[in-house]
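If you scroll down you'll find the structure; I have some questions about it.
For clarity, chains are labelled A, B, C and D in written order, and residue numbers in each chain start from 1.
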């Protein structure tokens, strides 16, 4: 489901970015701005940039898309001359919740200032926060990031440098995290030992410096060359002396990257753990064709997220690939008023069938996921209205039925169409002639890389790390947790 | 060239829309809003909605996209209960000029009020305007539409009804026009005898009423069924008695529809003169493959406008179709500061190569047009940087070299890369291994419909109607023409 | 009643301004901007600036205050180098009506372009407009100004120059008008033969040029010296040759300036017809003290509009002048939600009593008008709540009971507290110990200048010019008149 | 100097407000909104509201005026049903500095959540912060308020309730502070033992609850009755059981209220320590007349801040009081471009002389302060240009020459005209015929209340509390202090 088509689907939590150029020749504001544009798909709720000019940290962050937050005036007001910078995007508002945790978070502590960017979710955040509060700490928001910041600060008091503090903090925190931390003099990247979320290293031309980013597409956006992924459990430090690594937490846990990064979240042009995301999706389509062969006249994908797998299915099956839909590229935030009938037509504003492609045809329709099922049902109805004789609907992922504790915002299980329903029951809602999902076995072969495994918890309920026994929402009584959701406070 | 990728390309002038529901059951505000969204690709500079509630005309129009102009608050402020409405989108700002001619234009005259929507360009507007001014008329703006409105008004004084006034006005005006006019009681569509610009008729369900729109995709957006195209020279009236037609101007000139509607302007899901635009583009790709066969490993298109023809090329040539680029779907109005190097990277923000598709491959690259050549050159360079061994660049239209006088905003001839250059000279700028255009002969066969011909003036310099001997800019001295370009005045 | 305190009081229609500097040394944008600030009290609904750079007219106008419409960005976008410019402010929105007639109106006609600024109301506008429409004219809005523009244009065809066209147009139009008209080469001021609305002439230093303005405070704002008022019926032309006058319409009617200019509309620092407005208000207070002597301890005024008359009353009566209220200077456009009780407190947000001034005192309270009576009643209650023993309320104008046809927007007669009520009945609503108005006889002596008389039609129902027998609203049926009230159309 | 006339004058730090209504009948959003409007003069940089709905704290705060931050939409989004609320306004941006410390600050700690509002300045903030950081605390901003919040939190861990934590915190902090603190169940006010800044208690009607506010004008705005001032050193608790007081810090230091509250900061209708501010200013004018008698024809004040003292001078001297200036009430944030000459005219936009009042007169001009002298010089020149024969300029305060460490933002000493200059030297810059200041002796008699003394440190350099030996700016090196000044971060 493309997030422009289905507003209440899955959400990635965040994208992080950091850049260090010892020569000072890179226009840091433009670079982070370009990188955040490239990472915008990882989070549309808020974004921010932090800059380090001669050791002074400052920046800007706000709710909104990069293009909305970083207006011409805001960009002009940002300081020039930085040699280091970080940026962050956060996920889109999930209806009732508005969070107050825009990043990078700039903090002052005994050793100076620090900007923290975080992608992921800790499973022991609530426990750590309760402990910190019992020793007198105060919290401005409700995010894990503030917990990490406190631990970094307190560990910094006990260690000779920030990288040691990062490493020691990794002893305390459990779960998924890809961090980029900027201090007066250093830019540091760290990734949890399971490597749930991607994080990679790029090099600026002519040895000028280094870049850290959630996805390699952000390296391309700033003209940096891909070097390698940050290893699970690794701490990488970029400073005036170049790049160093601390690997004390490496190989302490199985590498279980989130499979949804390949299926859904990441941009097709990114490489994660050696595999191009576009290729993984083509492969998912090929596997689908093997698992669900069907007689048909044309294979189409739901734009944009189903197109790659549709091409793979067409290639494997020999059925011609066609363009079945036109997506309205101007639809951003529509406001449709009025009757239920009118609201139902909102899919029609965003998506229209190219009837000449499907009329009187047996159609194979490919998408990458079904969330609530209502949008899929409408799309299939659109095809039938346009004259499709048959609609065979295949999904390039297994049905997801369990919550994610590692950085993906999946709607409540009760809203997921696959929860507690058989394939037949799901299809009664969807209304396809045939409905098929990709098997978990095939999904695990997408990356074709032997050196790491996948977390498929959302499909199987089996998680690499024990899920939290308490959430922030439970630990902190209603007053507390809600009080953090004020728009600006 | 997709307009999100190349800001200074070709521009369609406008999209028009009108709807009449005698039952009053359609939510007119939502309907026009949805239709304008579907027509947004025809004009991004300004838009407007006019409503007729019990014979009272009112509305809202402003500079900006539909989503920008029609905010929640503006939509709520629009009157409810209309049985008739019109809407309009205008083309994107071409650099230095900001025009003050947002539509629908609501005017008061002796017989009441009237809302006028216009797509096209008159060739005798300057002459008509001078004549009107000499008899005491005053003009608030510089558009042809105001000239048409005066003629309608004056002819209305001499004729028993508005449709006769429209017909008589068509005696006076020459050139390209698709009009939608709303009065107290009638909704009228009219199309010039050459049928330069598309205009079609739809029917609301259950005989509730009728819809006029520049493209059939707007009918789909409001749930109307396609009835037929308005015939060149026809005047169609929708009112309480149903649909009537005046055909006195039909068949008075050859039907010469603008070929660029198929190649570039119209949405792929629209049907124009019986041909699906997507099919015409697939066909363009097939013709390209016939004209320019080449040994290659993959066919890719420049998103989004070159994708259809790329698929057609792949189909005809047997070379596999691939996805070569990812287009950043969040890029709207970027603001890139800084150095020349940085500005050059703006293509990289909008477009990134999926390197696994092209690396070490011989690539066929398809686009629908080359305007200045600079963007094409950069895109080819991106492919080479990503490891493409060869890049064969084919364009699904002939080189355009002449101005358009019928509603397309083509940059000054001096800026067009094809003007005065041989194919080889163009390719020196573009940098492809092979460069090829679609022939004019093939372009004329795209619609596969015998009942009409194409205007190919921009490729050949041969126009169906004599171009104007004077433009508005020439007739009215600099002070006058410029004084109309103030942003709001 | 200060308009910040009572949102639904009286409204001046407009303020006009024009400036011509043959040396080109005045920064025209800054000058008009400053002048409009000085005239802002004459109209808060919309404003605009038109500039003439080498004969080219352009500008900007919009709904809002000068500070809102002319943002830094808008000011920077206006062209530099003008030698001539005009500006205009229009009155504040009166509840349900939003008008579409922002000025200066820039128009194109056979002889070039023209910017028109108008303050006043024609009594024969409806008749003239109907006649123009019957000959084929079209109207974009509903204002008198568009009627005047048509007449100017048509008369321009019949006369050798614009000033003759202005003079001839004055033969046709009846009622109140102060006009400033800018053409390619001339700046022209004209005032109706009755001189209802003020209009004065200023001179730039060193003979550089001339200024026309509704009030002399705008001359001060641009550093121009006051020369004289434009005479009733006079046409004054400023161009490269200096200043010329056409007096053919002078002395054709009695000079009957609107008395409310002195009492309410004009700024205290302006001079109108030789009298300082502040002095006229002091005098009104002195007259009030003569008409309504009372035993009291302190005289206070309702800020800001009642303060001058309160000082005059104190001076004449010998009762000490005190500061009774503090007006919140930050209150602009408040938005008070909630209960009726809360809404009633909106006066309390804007105005608070300085209780030490009035506690246990017999208070004389002065204001310049009572419109609906509700605000006056609340203010008196505030004083009693603060401990005032007695409140004697005197108004520095007679009760107004009749409509104005000459440029003042008085609420519907049914809403006026004085309509059809005796003094006692009014005071039952107001709740003062004593209530008194200034007599019509005294109001006529405010200017102390023998050369002109006052229009006191709103107090007496006797008008210098016969009121219109039909209004725009009547002539044009509801559809037509309403269709002009769309926010932007 | 009115802050609308002189943008770079003195600035109050803040205004605080809290309200508790056990009945829940007060519309809390409207109440705080009204109160912040009444306190807007105490701070124009930022503002905020915090609400307590059933123990849940939430709110909104941002840069801007109350009318800008609390738009209709923001107000509608705030939760309803609160029984407790606090509000805060902060001072206007002083040029280069933009601070990130909007309040109320909502914080989470081990015992729940807490909203903190603070007016004042601690002299030992830097020392306390350094100590906190050394034990692992992190800071998001640079304000004293965050230091106070940490101390409250840590003391809360050691004490049985919040009021004890407040009291214990008062052992640690030194300087000026008026605090309003809201927890889940209590609203608490506290004032430093010197009582530098005002803070008063009001009662809602019918015993429904209590209000705390910096000034009594905010009580009037919400319809609360004045009860008394919070005593220096007192902690007052409002909760479901009513009002309680802790007086352990009372009478531990001399009461030295800031004299500038009477002269400049507070609103004339407020009562502080039993004295009406308006009366204090009248008295200052009377003292001025005693100290600086002069032969003159009229006494005028610089609006708005000099008007009260001018009236007092007139009363004492017997010289008539006149209105010398009209202040443009529409001038908010002007943007004047262009030449130096034009910029100098900015005073003329804001202020114009009523020439009839001063022409050919000997004028006494009263203002409440001179900061840089440039504005005063221009105002005197305006009077001379308008024909004043003599201008005798008296200031209703002593020359201020020393910094304030207790909550007033005085420009750098180098910018103060009185620093290091004799009266004659100052007058060479000002250009009056006579220049006189109010003596320190008289200023100390303004309140006429024996129970407290004044802090006159800014006039004398003698402070009731030893000034800080280090400022935040010094303690925290440049990187740290600057990194907190980012606009949003």
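Keep in mind that, in the parts below, a residue touches a chain if its C-beta (ideal position, glycine included) is under 8 Å from a C-beta of that chain, and two chains touch if they have at least 3 such contacts.
Since this is a predicted model, take the numbers as computed values, not measurements.
Chains that count as touching both chain A and chain B, per the definition above, do not exist in this structure.
Note: the chain lying farthest from chain A is C, by mean C-alpha position. Here the spacing of chain A and chain D, counted between their Cα centres, is 47 Å.
Chain centres here are Cα means. That of chain A falls 60 Å from that of chain C. Multi-chain contact residues of chain C (touching two or more other chains): none found.
Residues of chain D touching chain A in their complex: 48, 50, 54-62, 77, 102, 104-110, 112-113, 130, 133-134, 136-140, 142, 149-150, 153-154, 157, 184, 476, 478-480, 482-489.
Across the interface of their complex, chain D is touched by residues 4, 27, 29-30, 33-34, 37-38, 40-41, 44, 65-67, 70-72, 75-76, 217, 220-223, 267-269, 276, 278-279, 304, 307-308, 311, 315, 320-323, 325-326, 328-339, 342, 345, 348-349, 352-357 of chain C.
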